[in-house]
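Structures incoming, each one as structure tokens.
Look for chain A in each of the two complexes below; its partner is chain B in the first and chain C in the second.
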Partner chain A sequence: MDYSIALQLFFSGLNLGSIYTALGLGFFVVYSVTRVLNLAQGEFVMLGGMLVVTFYTKGIPLVPSILLAVVITSLAGAGIYRFIIFPARKFPGMTKVFLTLGCAFIIQGIALHFWGWEFRSLAAFFDTPSIQICGATIFGQTPWVIGATLIMVAGLFVFFGHTIQGKALRACANEPLGARTVGISIERMALFSFALAAGIGAVVGALITPLTMTSYSMGLPLTAKGLLAAFVGGITRVEGVILGGLVYGMIESITAGLIPWGNHNVIALAILVGGLLIRRRGILLTAGKG
Partner chain B sequence: MSFSVQDIIERTRKISPVDARYLAVGIFTILIMIIPLGAGAFPNTVMIEIGFYSIVTMGLIMFMGFAGQISLGHAALFGCGAYISGILTTQHYLSPWLALFLAACFTGGIAAAVGRVMFRMHGLILAGITLALNLLFFYLVSGLSDLTGGAIGMTNIPPLSLGQYTSQNILFNYYLLWVIAILLLIFSLNLADSRFGRALRSINTYDGGSEEAAQVLGINIMKYKVWVFILSAVYASIAGSLYAHYTRIIEPNTFMIQFSALVVLMAIIGGRSSPWGAFLGAGLIVSIRQLLREFAPMLIVGPTGSYELIAYGIIMVVVLLFLPQGLFPIIKKAILKRRPGFS
Partner chain C sequence: MSEVILKMDNVHANYGLVPALRGVSLHLNKGEAVVLIGNHGCGKTAVLKAICGLLPVVGGKVLFEKSFIHRLPPEKVVSRGISYIDEMKLLFSSMSVIDNLILGSYHLSRKERRERIEQDIQIVYKLFPVLKERRKQYAGSLSGGEQQMLAIGRALMASPKLLLLDCPTLGLAPKLVEKVVSVIAELKDRGVTILLVDQKLQQVINIVNRGYIMMEGRVILEGSPEELLLIEEGHCQTW
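Up next, the complex of A and B:
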């Protein structure tokens, strides 16, 4: 294979991998605190993308648009926890999953009401031009995607590993009774995790809108892909999510480059699902039984 | 001898649960059979839609309600039936009836193969895997354009026919669909009350069962999970084939995750503990959708479809928070007070 094609595939894989990692992070944040699979995560991504497009086209500069979208989506996430998941906190895990599915329906409906059926798109952030490196073309948005994902990953890494607040969050899922005994409010932590996950989702939405168009119905497919990436790596640890996302991105990019048949999505998904079925606790063997 | 409602209820209390089951099915059958006599073509098409959803939901209820497993990918099984039926009849010129049968067998086979590896995993991870499999199915049928027509889909699928009647005839299709639905209902009801059904309930960790306890009692949980998944897949496939031969056009978008989520919604609202819940859930959701399509545009401005989605979400949340068992147990209790064992 040509060197430049390999480089091209590598960058495209890195780009996709960053997106899947960032998608998976939202599931990780909620799951590692509350042990809930949040099926509305993809809808947060969609909501974030839509809001950024709306603010940006209204003339608000890009950075404030993104910040506004993140704040609004975080509030939506917190609201969903407070009014829908919190009353069901004693229910079995499956009920909570179905509740988040209900939330996904509601968010989709609201998005359809305000933004209609049309697809929305944005130019690359700050109109960054495409870059040429050794014959490989990198779309202007790619550095932003990779950079933002790196920042989020680093932030979560430090937060969950090295701050009291982050350790308190993890304690909620690992040992709820113990956490309560030492004075951690599990409900407050769960609320925070939903808001954080929604905020991460909104950032992802802003990042991917210039790459793929955003429409009201794109949430559930994104949920499926992000969840798969998170499970493949190991949903209970940041490293697992990064690994899963990167593996997924690379496989999708390589299959897209090598298979002339064109439908690389099928092969990539099949490899991932197959891999997950064989190595059921994720690459890092960290996923629990639950 | 009087025939007051109270009297009938009194009599129902005295008969055995099995008789009561068939009595209920009988009343339901008569109701279904007389609906088209009094209605125009429009409610019949709505009832046909309810029928399709009911069959898929019944399959899901066996999987989700009896066995306590989670599936967000039933649209793929439904689509499997539809596409195999379509391919066999348009490209290999088989009889639609044979195609329906072969599609059900093939989908069951796929379910067996997938289930055998999938059920090594427990609980919520199945949600992720079934979602991914549904997406995989969507990409697969969109990509194999030689076989499935790609994103455009398949057209000119021949209708099912019996003598001079074909399933293009709304009334014939109505009876065909509902006869099959009622036969499947009887099968599900009997299954729930068999050794197989009780074994499923024992492994239902969602409603208080325990896989460990079941294993200790000598229940091969893998076997039961795979078999209930196969049955569930066959139900979905039959509905899919009937759908393909009825609409005669299928396209990949129909079989996207949205459909799976809708079927889960119906199972939850109707009540996942009994196959009756499928009819209740499907009937309610389709009726609500139809009403909203009729009346919502008069009241509020906006794209149609958005109220449906919001209504689904709100109904799902409210039912899960306040009636976690769905609507059927309440209705059952209202009809038959103090009569356990009637499913």
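Up next, the complex of A and C:
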């Protein structure tokens, strides 16, 4: 294979991998605390992207637009927990998962009502130009995607590992009753995790809009991809989410580059699902751990 | 006369539809250690859980330091100065020993935590030196005795005025039982009020001031440790 093509596939894989990692982080945050798979996570991404485009096209500068989108999406995440998941907190886990799916359709419907079915896009952040390295092209948005994902991963490492609130979030997932006996409010922590995951989703939405465009219907496919990426690595560990995202991104990029007839998505998914069948708890997790 | 720190007045509580407490009344004086004894399922653990908020009180009142706490959730009860150690320990098994201890001080304000946390951790390490050696180990990888020490240590990080202990010596080797009992005695000497449930009164008889015998969700007798021991020996075949 031509060296420049291999390099191109690598950069493309890194870009996709960063996106899937960032998507997976949202699932990780909610799942770590509540053990609920939030199937509305992709909708937060869509919402974030749509809001950034809306604010930006109304003349608000990019950074305040992103911040506003993050705040509004976080409030939407907190609202979903408070008004839909919290009242059902004593129901079985699967009921809550289906409730999040219902929320996804509600958000989708609202987005369709306000923004219509058209795709919307943004230029690369600050009009960053594409660059050429050894014959491979790196799109101007790619460094922003990779950089922001790295910052989010580092932030979550510090938050979960070195702050008492982050430890309290982990404690809720590990031993909820024990958490209550030391004074941690499970409900407050769950609310916070939904808001945080929605905020992460909004950042991802802002990051990918210049690359993929955004529309009201993009949430569920993103949910499927982010969830799979998180599960491939191991959804209960942030390292697992990173690894899963990167593996997924690389496989999708390589299959897109090598298979000419355009079925790369299906093949990438088949490889990952096959991998999950062999290692059901993810690459980093073994039975009985995590 | 000693100051009453906790008073339960005609408390009723249920496990689902099954009555667990049917009108329990008892009190604890400040700084004393009191034991609850009785057969399995008589409501001893339910008393502790009703005090700490894990078991909803459906009738009666629980008064702690002149304020009612029977409608408070566990996270609010902790901040009043009551720590509960469950029979199952309820440790954060996939977190380190030090993180478990740090989370014990969760309910404190940021300022209080900053001022006290190092000092409180050193106090716990002094009581249980093995926890210092194992501070980076996962709590789930500790032995049963070490987990019990960690559970007590975590509860102490909250600087409790009242410590509720559910079967603290259950399943421990005799040497560890001695250690745990001596720590409970030391805490009592420091002024912490203690309410404990234990299956073997003999193990804790030297450290408790009084005790209550429970049967079918009710307190049926109050007495000195010696009196309770005589009664327990007389009725051991039924317990």
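Note that in this section the second predicted complex is superposed on the first by the 285 of 290 C-alpha atoms of A that agree within 3 Å, B and C clash if a C-alpha of one lies under 4 Å from a C-alpha of the other, contacts with A are read in each partner's own complex, and residues count from 1 in each chain.
One rule holds for everything that comes next: contacts are C-beta pairs under 8 Å (C-beta built on N, C-alpha and C of every residue); 3 or more make two chains touch, one makes a residue touch a chain.
No experiment lies behind these values; they were computed from the predicted model shown.
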Would you sort A:178 into first (chain B), second (chain C), both or neither based on which partner it touches?
second
When both partners are placed on the shared chain, which of chain B and chain C touches more of chain A:
B
Of the partners chain B and chain C, which touch A:272 in the superposed model: first, second, both, neither?
first
Check the residue A:168 against both partner chains and state whether it touches chain B (first), chain C (second), both, or neither.
second
Touched partner set for A:120, first chain B, second chain C, both or neither:
neither
Same chain A residues contacting chain B and chain C, which ones?
290
Write out the stretch or stretches of chain B touching chain A in their complex.
68, 70, 72, 117-118, 120-125, 127-129, 131-136, 139-140, 142-144, 206, 256-258, 261, 264-265, 268, 302-303, 305-317, 320-321, 324
Could you list, by residue number, the parts of chain A that touch chain B in their complex?
37, 39, 84, 87-88, 91-95, 97-99, 101-110, 112-113, 116-117, 217, 220-221, 223-225, 227-228, 230-231, 261-263, 265-266, 269-270, 272-273, 276-278, 280, 287, 289-290
Looking at the complex, which residues from chain A come into contact with chain C?
164, 167-168, 170-171, 174-175, 177-185, 290
Spell out the residues on chain C that touch chain A in their complex, using ranges where they run on.
52-54, 73-75, 78-79, 83-84, 86, 89-95, 99, 102-104, 106-107, 113, 154, 158
